[in-house]
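Presented sequentially are two complexes of chain A, the first with chain B as partner and the second with chain C.
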Partner chain A sequence: MPYLIESSILAGHIPTLKGDGFYRQTPANAKNYLMKVIGIETSCDETGIALYDSVSGAMFQRLHSQIKLHAPFGGVVPELASRNHIQRTLPLLDELLSEAGGGKGQIDGIAYTAGPGLIGALLAGAAIARSLAWALNRPAIGIHHMEGHLLAPLLAAGDKPEFPFIALLASGGHTQLIQADRHGCYQMLGQTVDDAAGEAFDKIAKMLGLGYPGGPEVSRLAETGQPGRFKFPRPMVNRKGLDFSFSGLKTFVRNTIASQTEKAQTLDRQTIADICLEFETAVVDSLTIKCRRALRQCNTPRLVIAGGVSANRRLRQKLTEMALQEGGAAYFPPPDLCTDNGAMIAYAGYLRLASGARQGNEISARARWPLTELRPPRQPETEHL
Partner chain B sequence: MVWRMRVIDVQGEAAQRRLGGALADVAGGGFVVFLRGDLGAGKSTLVRGALRRLGYSGVVPSPTYPLLECYELNKGRLCHFDLYRLGDPEELEFIGARDVFDTRTSCWIEWPERAAGVLPQPDLDIHITGAHEGRRVALIPHSPRGKTALEGIRWSG
Partner chain C sequence: MKLLGIETASDACSAALMLGGETLQRFEIAPRRHADLILPMVDQLLAEAGISASTLDAIAFGRGPGAFTGVRLAAGVTQGIAYGLDLPVVPVSSLATLAQGVDADQVWAGFDARLGEVYWGAYRRSSAGLMEAVIDEVVCAPEAISDGGLTEATGIGHAWLTYEQPLRQKLGSRITRILPDQLPRAADLLRLAEALVAGGELVTAAEAQPIYLRTPSWR
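Take a look at the complex of A and B:
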């Protein structure tokens, strides 16, 4: 491998900060001294930067979406444009700091997404975070992207979930059911065996001529759909276990579109809306049934939903109802923290840094990184990155 | 040089997987397969069938989001690309694609046209068409090795 990635993970050593390491002077009262943590998220399309102030609870954030940037190119996202992350990150950080007031000197720690994701994009964020940390003589920490999503509901204004809880992580790249026993201690209950839920939304949008990625557009059109006209399968609900599958549903929708087009030459707007509604309902039903199963199987009343798909209105409604029926509650991140963002990384980084987790200065990232490999902060000999 | 193509009609997902398995039998290390067809045509299904035949029993997720998934097998390695989201052929470098084209790895590449000019020549170029249950799979060899492989496929439906 050409990247200096795995070696630093395997080494798993507790790093030594040279010089007057800010943190080294105050290990016993770390929490008190880690007030402001920067979060840098560059695992995929979005460049997200945030500043979390743990004392006031304030979160400042900036997001730059590459989707908008590349919309003129047929709507296909050049994910791998790592140079865009490089161009955006520092100007976004400057903007953020001027909004928050004060310069880089106020930063107490830096968190960045170290994986999983696109290696070029991850390394761009890692290089900036580690360099900044080195220059400021502050600790930096690599965060697991999905842990960021998983902990994002803790940033909601109202009720916050307590450990242990079940988490459904559903986005364009992931669909997983996780049992979170405590911070850093996660078990995989089930995952998609083919397409992710958000990916299925995006592909259906493409088939219906709604552009790519077009998941939210499918949900918008579903609002005007007539229920009952189409009947799609609910994937995997008759199978045991907690895995998901959305590829068969995708093919079923493809066949439906073909039949409708053969009948009427073209798809009218109402037919498109009806297909969107039945598709969305099938995905929501499938996710809801598996989440219910997970709550019962683990005897845990709390369900956390995170990732881009958690912004889906119908899914929120169904899962909230289901959790109530099961005598528990469903927790969601604030709407702007459902999709990829820097705030969740800043917060997850704050929690780990404040617990005393430290890493070496290597610029490291992992494209593939199972969430179950994470460990609670400061657990000896198993430092996670 | 032009070699004869072969057309195979396939009924249903299970048969599509079997065809993937039959392809795996003839595609060894260094073999490059291009897979073309619309969303839902069954490109990933062929690759799943190939991986099962090669003894891989784990989950085979869609590579649409990560663009590349590699599987270490008893004999060599299989790399599954989905270049649908690639914006520019040169971006292949960012996923480390250069390192996977070696003699122990068979590469199965969906949406190869997104990286035209950067990918190596395929041994087999596969086009999948058809709606509903039926699929027509056209296999076009682009190398002597591809031609030999095509002649060696054991397929009785």
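Take a look at the complex of A and C:
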């Protein structure tokens, strides 16, 4: 059965992006402008819909996960994903609006994920979102999926990061280190040369027979692992630069599993847990070393971590410690906004729409879209902003 | 009655607007550019007619079969517009629309479905001048198509380009002519939609779903 996250009120007031004068606005002057922005995310295997009320700071959201749909195939089947999005998006939006109260008339703008991602999946959400905005005569904007992730920590209840910051974006599809100078101004510092971090987790899970997607299960089993029994390499740490690689580690784990199964026909539970622990530690160490290097290289004390892997407990702990050692701080999204969701798109869309960015009547979807191609939203034209 | 129609199941992208007896249309053969073109087309049609979208009575779309992405685009655009304006939706077969556009009374219509198959249907024109399916639309190998009991008919659609030989073998001299380059057009879709509206065959915005006929393959 699919699961639905109950709608949640996430944050208090509008997060202000200090260090970037555009958005220093109060609820009072925002009232004349975009108050409620819908976010629609369909780039992969989650249908995420959200409504962000910039005046109250309330975020309503609905999420439909397709994990069960793709599980029998051991990976996301793009056409199945697209078919599911075109069925789920509108009913979820309708539910969301009923719950938020006020119907579709309250919508002031619509944001949708325009890429990167699975092209058919993106198009399903984009077609509905852009056309709905057209029908309602409201502005629309196509949002970069990774910008959504990158800004999600601004929706956290506690401290929010200020620009400039370094961002580690780690998920099943991406592992990137970004320097975010200000909203819309991003430089790529490094990225994975092979597997994404989350992808490595899922592949290890598959090798250990833990089902799909097994990344979270690897982390769960690692909790009961004994440290020190295995020693895996920390990939790329002796290499200059800020790129990542996880396929060598993956091969090392495969060989370890093979030599263990030579000794015993099946791996006992403790051995599996020990392998999971050492694997997770190796990934976390590798990510931590690179993040430390990035903070020093850019002389920036703030580290933002986003994407599905940012839900990993050990990673959060290590990066928080490291950032403190470097005299800075680490910032994470609220737990339910680590993985793909509509809330981050609604928020990123709100920021761009509120500063005057507008899109024409084209329905935008790009499978590939480098984050570095983004530009800051244009200067606001009204004195309110 | 004011009807808006959208058809993007093939390489052609088209939209049409029916206002009483008059129909305006935009039509462009534009592979992979449908997403850029379709809403501006709709926008231009309304501007040309000088009417507001809120005065529409219903929206019709080509629900397939056809290219998955194209059919889904039409469904998505239809969902967004219908939901936003509280309009009922009329799903129309893209193969029937293709058939409607040819000057013939009996038609074998087929799209190339790739993977060695065709989307296939057989149609006969009614006394009202509208194409009616005589068999259920299917996806199958060209060797396995049904003639739908038509004694003779016009072959239409790009299935006739890719699979002319096997189709000829199957239907032989009963083929009166072949029009392989014909593509479905939104104005023809609206002719069929008008009758469906009169017959009460309307669905809600969320029910504006594609008909794929084929289950997806892994990857």
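Simple rule for what comes next: the second predicted complex is superposed on the first by the 334 of 385 C-alpha atoms of A that agree within 3 Å, B and C clash if a C-alpha of one lies under 4 Å from a C-alpha of the other, contacts with A are read in each partner's own complex, and residues count from 1 in each chain.
Everything that follows uses one rule, which is that contacts are C-beta pairs under 8 Å (C-beta built on N, C-alpha and C of every residue); 3 or more make two chains touch, one makes a residue touch a chain.
Owing to the predicted nature of the structure, the values given are computational and were not obtained by experimental measurement.
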item: Chain B versus chain C as contact partner of A:V193, first or second or both or neither; value: first
item: Touching partner for A:S247 - first (chain B), second (chain C), both, neither; value: first
item: First (chain B), second (chain C), both or neither touched by A:K203; value: first
item: First, second, both or neither for A:I128, with chain B first and chain C second; value: second
item: Contacts of A:D285 with chain B and chain C, given as first, second, both or neither; value: neither
item: Partner chain in contact with A:Q87 - chain B first, chain C second, else both or neither; value: second
item: First, second, both or neither for A:K104, with chain B first and chain C second; value: second
item: Partner chain(s) touched by A:N361 [first = chain B, second = chain C, both, neither]; value: second
item: Contacts of A:G120 with chain B and chain C, given as first, second, both or neither; value: both
item: Chain B/chain C common contact set on chain A; value: 73, 77-80, 82, 119-120
item: Complex contacts: residues of chain B adjacent to chain A; value: 13, 38-40, 42, 44-45, 48, 59-62, 64-67, 84-88, 91, 93-96, 99, 131-133
item: Complex contact set, residues of chain C against chain A; value: 35-40, 42-43, 53, 68-69, 72-73, 75-85, 205-206, 209-210, 212, 216-219
item: List of chain A residues in touch with chain C within their complex; value: 73, 77-80, 82-83, 86-87, 89-91, 93-94, 104, 119-120, 123-136, 360-365
item: Touch list for chain A against partner chain B, complex; value: 1-3, 44, 70, 73, 76-82, 116-121, 172-174, 191-196, 199, 203, 206-207, 243, 247-248, 250-251, 253-255, 258-259, 367-368
